[in-house]
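Scrolling down, you'll hit the structures one after another.
In what follows, subunit A forms one complex with subunit B and a second complex with subunit C.
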Partner chain A sequence: MTAMTKGSGNGPVGKTGPAAAPPAEPTAKAAPSSLSSPSAPDPKRRGRAVRTHLPSSPWLFLAPGLLVVGGFSLYPFVSTVLNSFTDKRTLIDGQWVGGANYQELIHDEMFWIGLRNSALYVLGVVPLLVILPLLLALLVQRHLPGITFFRSAFYTPVVASVVVVGLIWVWLLDDRGLVNSVLGAVGLGTVPFLSDQWLLLLSAMMVTVWKGLGYYMIIYLAALTNVPRELHEACAVDGAGAVRRFFTVTVPAVRSTMVLVGALSSVSAFKVFSEVYLMAGDGGGPGGADTTLVMLVQRVGTGLSGRVGYASAISVVVFVITLGLMLLVLRANRKEDS
Partner chain B sequence: MSTLTASRRGPAGPGRREERRRERLAEKQQQSGRRVPVWQLVLRYALLLAVFALMVGPFLWQLSTSLKGPAEDIYSYPPKLLPGDPTLDNYAKVADLIPVWDFALNSLKVAAANVLTNCVGASLAGYALARMRFRGRKAALVVFVMAMLVPVESIIIAQFMTMRELQLNNTLVGVLLPACIGAMNVLLMRNAFSNLPYEVEEAAYVDGANAWQRFHRIALPSVKGTLAVVAIFAFMGAWDDFLWPLIVLSDQSNFTLTIGLNYLHGTFADNQRLVAAGTIIAVLPLIVMFACLQRFFFRGVGEGAVKG
Partner chain C sequence: MRISRRAARRAAAATAMAAASALALTACGSGDGSGGSDSASGKIEGTVKFQTWNLKTNFKSYFEGLIADFEKEHPGTEVEWIDQPAENYADKISADAAGGTLPDVVNVSPDLAVPLAKAGLALDLDKAAGKYKGEYLDGAWKSHQIPGMEGTYAFPWYLNTGPMFYNKKLFKEAGLDADKPPKTYDELFDAAKDIAKKSDGRIATLGNAPAIEDFGRYGVPLMNEQGTKFTFNDPKGVELIKKYKELYDAGALDSQALTNEAEATGRKFKQQSIAMNPGSALDLDKFKKEAPSLYKNIGITPAVTNTGKDNMYVQGVMVNSQSKVKPAAVAFAHFVTNAENQMDFAHEVTVFPSTEGSLDDPFFTKEDGKDETRVRVAAAKSLKTAVNYTPVMLNDQMKTVLRNEVAKAMQGKKAPQRALDDAVAECDRLLKSAG
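And then the complex of A and B:
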């Protein structure tokens, strides 16, 4: 069987021309393994040689997906960029105003507050979301009785809606809520978690971390199974303690996963909306001091008097910074590699 | 070639397996011998329980609050986790104040539709990308990858304008549409199809099956696992979504649960029992679903992380 398909695959290669022929790949001879690989050159050639479908079929298959993705993702992106150069409003078609929106941004105090809060959010949340889930994964890694139960339990906050999670913590951190009644009993008095500008931002960060722990824990668990046990044992024999082994064996082995988690969590932290919106209210806390960039987009751009052009300019800033964050993290990874 | 490896492995097989099993047994004994320190085990479980209290406790506290009647002090110290006189009154009251069951139904409609559109759309597109050869395939792939890189938050205003133009703002269809075929799901399905062996489909082709038959009779049943992952995450994504429905919905009769909860919180903030009951209504279905299907939830995280 293998030999047969092999032959029928190799024959027509010449017909598809040199452009399609990938650089000589003798390893493709190991047919069974190369078949399972998506990028294996062998099956591709075979498919092209014998057309197994009508020319229109692929486009019929792709049509719904391309339509949705193009219409509700790429087109809005282009129109966001274009709108950011106009003074368009929800009910009024705008005029081209060049960079006026961006100029206004620079002098808009609210924009800087939003930028600061979103940036603080990244700084506060990301280190915790890179380290804590790793420790958690180490805790649930070993197959003790009941460990699957604990793993699932730690994942529960991920499953819940951010609205549910936010409201649960609003109640817990209320002036008369559970946390404050415990703190009061210890003699610490009432801590204004939800009314002080900085404590509020900090509380929202904690909620984000709490909700994200389980998700990143699962990612780390998958990575940890690839850490060879022999390494740990060799280290233990050499007298390295648990802490030492963590830094010399575990961390290097999961470093690329840590970078991935860093990238994922920093992008989502910068775009934070729901946690702060729910805990601070749509005004964004005392005097709007806890507004994040995405909250600003929502506040400025929606409603009947929404300033679409200006909100689009903020959106473009959000996009550029998230992309920059992603590139930054990935580049840091590459530098360490070399 | 296959006979060669077989003959090589043949005689040595059982002996080796036996050996390996013994090795593993010894390793286990050694492990348990070394790791049995009871204090370590106790410490481990103590830590597990502490984290458990931290991660699940807040949900239990919310549940407890929602079951406490008006006569019971919810601010008492020391806090009482078990309600003295549990009652479902708060759930009935919440349904009186806001149409919470209608909101739940709206959420269910959007989530179910989202599952359907994502499963169908993503597997169709994924199959074409993985199994068909045509001019423009690379370009189509690039379109999906690019769409995945655009954060929803940065195009949400433009999406809102599009919905206005289509007269779909303030409708459930408007809530559904932007995410109804996720680019990421398309790429997940493409991967799943690419990992299938070609031979079966080839045989079907030889037997005269056309592209559609090969897709839905042969390929699709083989990727049920990934399809389940797509379905679950589509459901969860739609049920939990907040920012987009908040922007697109303005009329209470079309609210989904998350928006309804936000409204409840804004309007009856001082009645914690009611808000608690509302949140439990919103979260319980997902927790039940998670308890039944956790395998797929965890698998989805793995696959999503590798891709995204």
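And then the complex of A and C:
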């Protein structure tokens, strides 16, 4: 324990502001002895604490974090919201136009197509990403010889570059690709994975699920280690089969993790870009029918003639919807809790 | 551990600096064009930052030699060369322009020059370097002029035009004369239907739906002279779409023609499932290495056109109007694009100089029996009359609009006339909002 951490947990710092409150807790837990006699400090140490910790000290400690958050999250966010009310372009400063961008959104066919596709993506991908990784985690949780190989194998798509993965799937699913050659050989004909707007979206969803499985599997693995073995044993003694145990022991035990996975995957599904962009092309599929909202932001807002104002308005809508999704999931969770 | 007050103060100063620079990065305004005068007279000295577009990988030694020559000719100058990858070049330029870090001399294409000129970031060369105008082909000089604006905003640099490659074996298999490839769009459509029919739809002739260059070569008027309205919904444009839709329905276009990127089309041509593909002389080498069985059957013909004119692509070299070393920047931009250096560059790679008289050099007129030379001579000949069909005002977003509307027409979701009307209306709207 160093003088620095102690100092931020008690003593003069505590009086300077609310910022000092959170660190007090872990310090107190970790070293109750330091709190036991606060009225009789070692005079030498006390003196040093006074000298080092001015009223501005907590802010100094917070400064790096605040600056990163402020400069790279808060400022861009506020400026996006402000830009959404202007007609700013990439190289030309904008004029205040009020809600004109939002009005334009309502009449923009591409916006509605984007919204539909992003929403479909959430509906298609999230249930699979909540359930499949859990089953996978149960499978690789057992201690069998060589199981680490399978764990790593399932995790590989997560670390692979999405661009490389996307291109490989494009080659596989091409009308003249491997998958279609096999389908053709068994007499099923050519399936237009990459030229039919719905199949394209489905193919992209499949890649997202395939690529996300390993990541959520790891989260579930961590949660599963917390499920007491005795519960399973007790259940088994009572005569419950594997399925019954899954629903009565495993699911309730990892339910909060399922909510977390649901929240994480729905937010990232709504913001999908790479998979669809790679598989459907920068035009967003035939006639743009597979464009997602984030692709639309990219198309409208980038480049030298980018309409930054309009793209910002779409971004704000994406933000509001993702926030709504999060709240919805959390609320569902709370309702079940109560 | 002990933190001294001095260290704390230093940390505070450092973080404040970081914050200030982070804010400066994001908050920095874009150029308003009022900063620089168009005067380029003065002493040629200082450090010139020069940015190229995806040229370092293959032509490092050429540019290093070029830069050394310039520095030798103008003591007191130094050229700092930056190369950007092909992908997202426009985004890189816009980030630099917004951050005030645009290099002094920038490789651009006409459609990139438009927004930069409108934002006042491109130097008007009619004023600053008008004396050099006569050194360049007239059409090339004009390619960086912008409808509705006075001035010329980049030196013309290298030109390119693609021949059409075709697969002789696939032509023969369809009973076509492999030595008489189609020259006009009607001939192309007939050949494509034959190939589709004979191969039971297995072999497509083209890999992409028509783009703006096809409209141009088909003879569709693309834009009014003032550059204020697009006109490709002309009956001729509708006819083009109808013909392409027939091809698509007959299997004469690749089944993924509506979404194929150039990479995919190239791959399918190499796999010999597409019979014709536009390309450049650079591709010959690729075929030789990557698809030797295709290379044995490769046919080369000028691009299909109804107007008798080929499409040409122009690269330019722009001078940043905010440059602090304007005289040196103009001098270097001119140096890069002068006849001698363009000629040297053309010997490195099959591109074509935009300088007056260069295309009459024996290098571009005399055949020697090699395929490469044949392609070069044919391209140089067609360049003399070629046109840059892509209107400079048509930006990427508008290209996507056109592509998507054409796709809807080809799928039969919209009538061709309606689709093109919608595309024109949307492009006009975007054009107007661009100001």
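By our rule, the second predicted complex is superposed on the first by the 269 of 338 C-alpha atoms of A that agree within 3 Å, B and C clash if a C-alpha of one lies under 4 Å from a C-alpha of the other, contacts with A are read in each partner's own complex, and residues count from 1 in each chain.
Just so it is clear, a contact is a pair of C-beta atoms (placed from the backbone, for glycine too) under 8 Å apart; a residue touches a chain by one contact, two chains touch by 3 or more.
Predicted, not measured: the structure shown is a model, and the values here were computed from it.
After overlaying the two complexes on the shared chain, residue contacts for A:218 are found with subunit B alone; subunit C is out of touch.
When the two structures are aligned on the shared chain, A:285 is found in touch with subunit C, with no touch to subunit B. After overlaying the two complexes on the shared chain, residue contacts for A:90 are found with subunit B and with subunit C alike.
Applying the stated contact rule after C-alpha superposition, one finds that A:234 touches neither subunit B nor subunit C. By the touch criterion defined above, A:72 lies against subunit B and subunit C together after alignment on the C-alpha atoms of chain A. Once the two complexes are overlaid on the shared chain, A:123 sits clear of subunit B and of subunit C alike. Touch criterion met: A:195 reaches subunit C, while subunit B stays clear of it.
Of the two partner chains placed around the shared chain by superposition, subunit B and subunit C are both touched by A:302.
Contacts of A:154 after superposition: subunit B is touched, whereas subunit C is not reached. Touched residues of subunit A were counted for both subunit B and subunit C, and B has more of them. Put simply, subunit A uses residues 2, 48, 51-52, 54, 57, 64, 70-72, 75-76, 79, 90, 170, 174, 176, 281, 302, 306 to touch subunit B in one complex and subunit C in the other.
Across the interface of their complex, subunit A is touched by residues 1-5, 8, 11-12, 15, 18-19, 22-23, 26-27, 29-32, 90-91, 93-94, 97-98, 112, 114-116, 118-119, 121, 254-256, 258-261, 264, 268, 271, 273, 395-397, 400, 403-405, 407-408, 411, 413, 433-435 of subunit C.
Listing the residues of subunit A that touch subunit B in their complex gives 1-2, 5, 35-36, 38, 43-44, 46-48, 51-55, 57-59, 61-62, 64-66, 68-77, 79-80, 83, 90, 136, 139-140, 142, 144, 150-157, 159-164, 167-172, 174, 176-178, 181-182, 184-185, 210, 213-215, 218-219, 222, 260, 264, 267, 271, 273-274, 278, 281, 294, 297-298, 301-302, 306, 308, 311-312, 315-316, 318-319, 322-323. Of all residues in subunit B, those touching subunit A in their complex are 1-2, 41, 44-45, 47-48, 51-52, 54-56, 58-59, 61-62, 65, 75-79, 117, 120-122, 124-125, 127-134, 137, 140, 143-144, 146-147, 149-151, 153-162, 164, 177-181, 183, 186, 191, 194-195, 197-199, 202, 205, 210-212, 214-215, 236, 239-243, 246-247, 257-258, 261-262, 265-266, 272, 275-276, 278-279, 282-283, 286-287, 289-291, 294, 297-298, 301-302, 305, 308.
Chain contact summary for the complex, subunit A toward subunit C: residues 2-4, 48, 51-52, 54, 56-57, 60, 63-64, 67, 70-72, 75-76, 79, 87, 89-93, 170, 174-176, 190, 192, 194-195, 200, 280-288, 299-300, 302-307.
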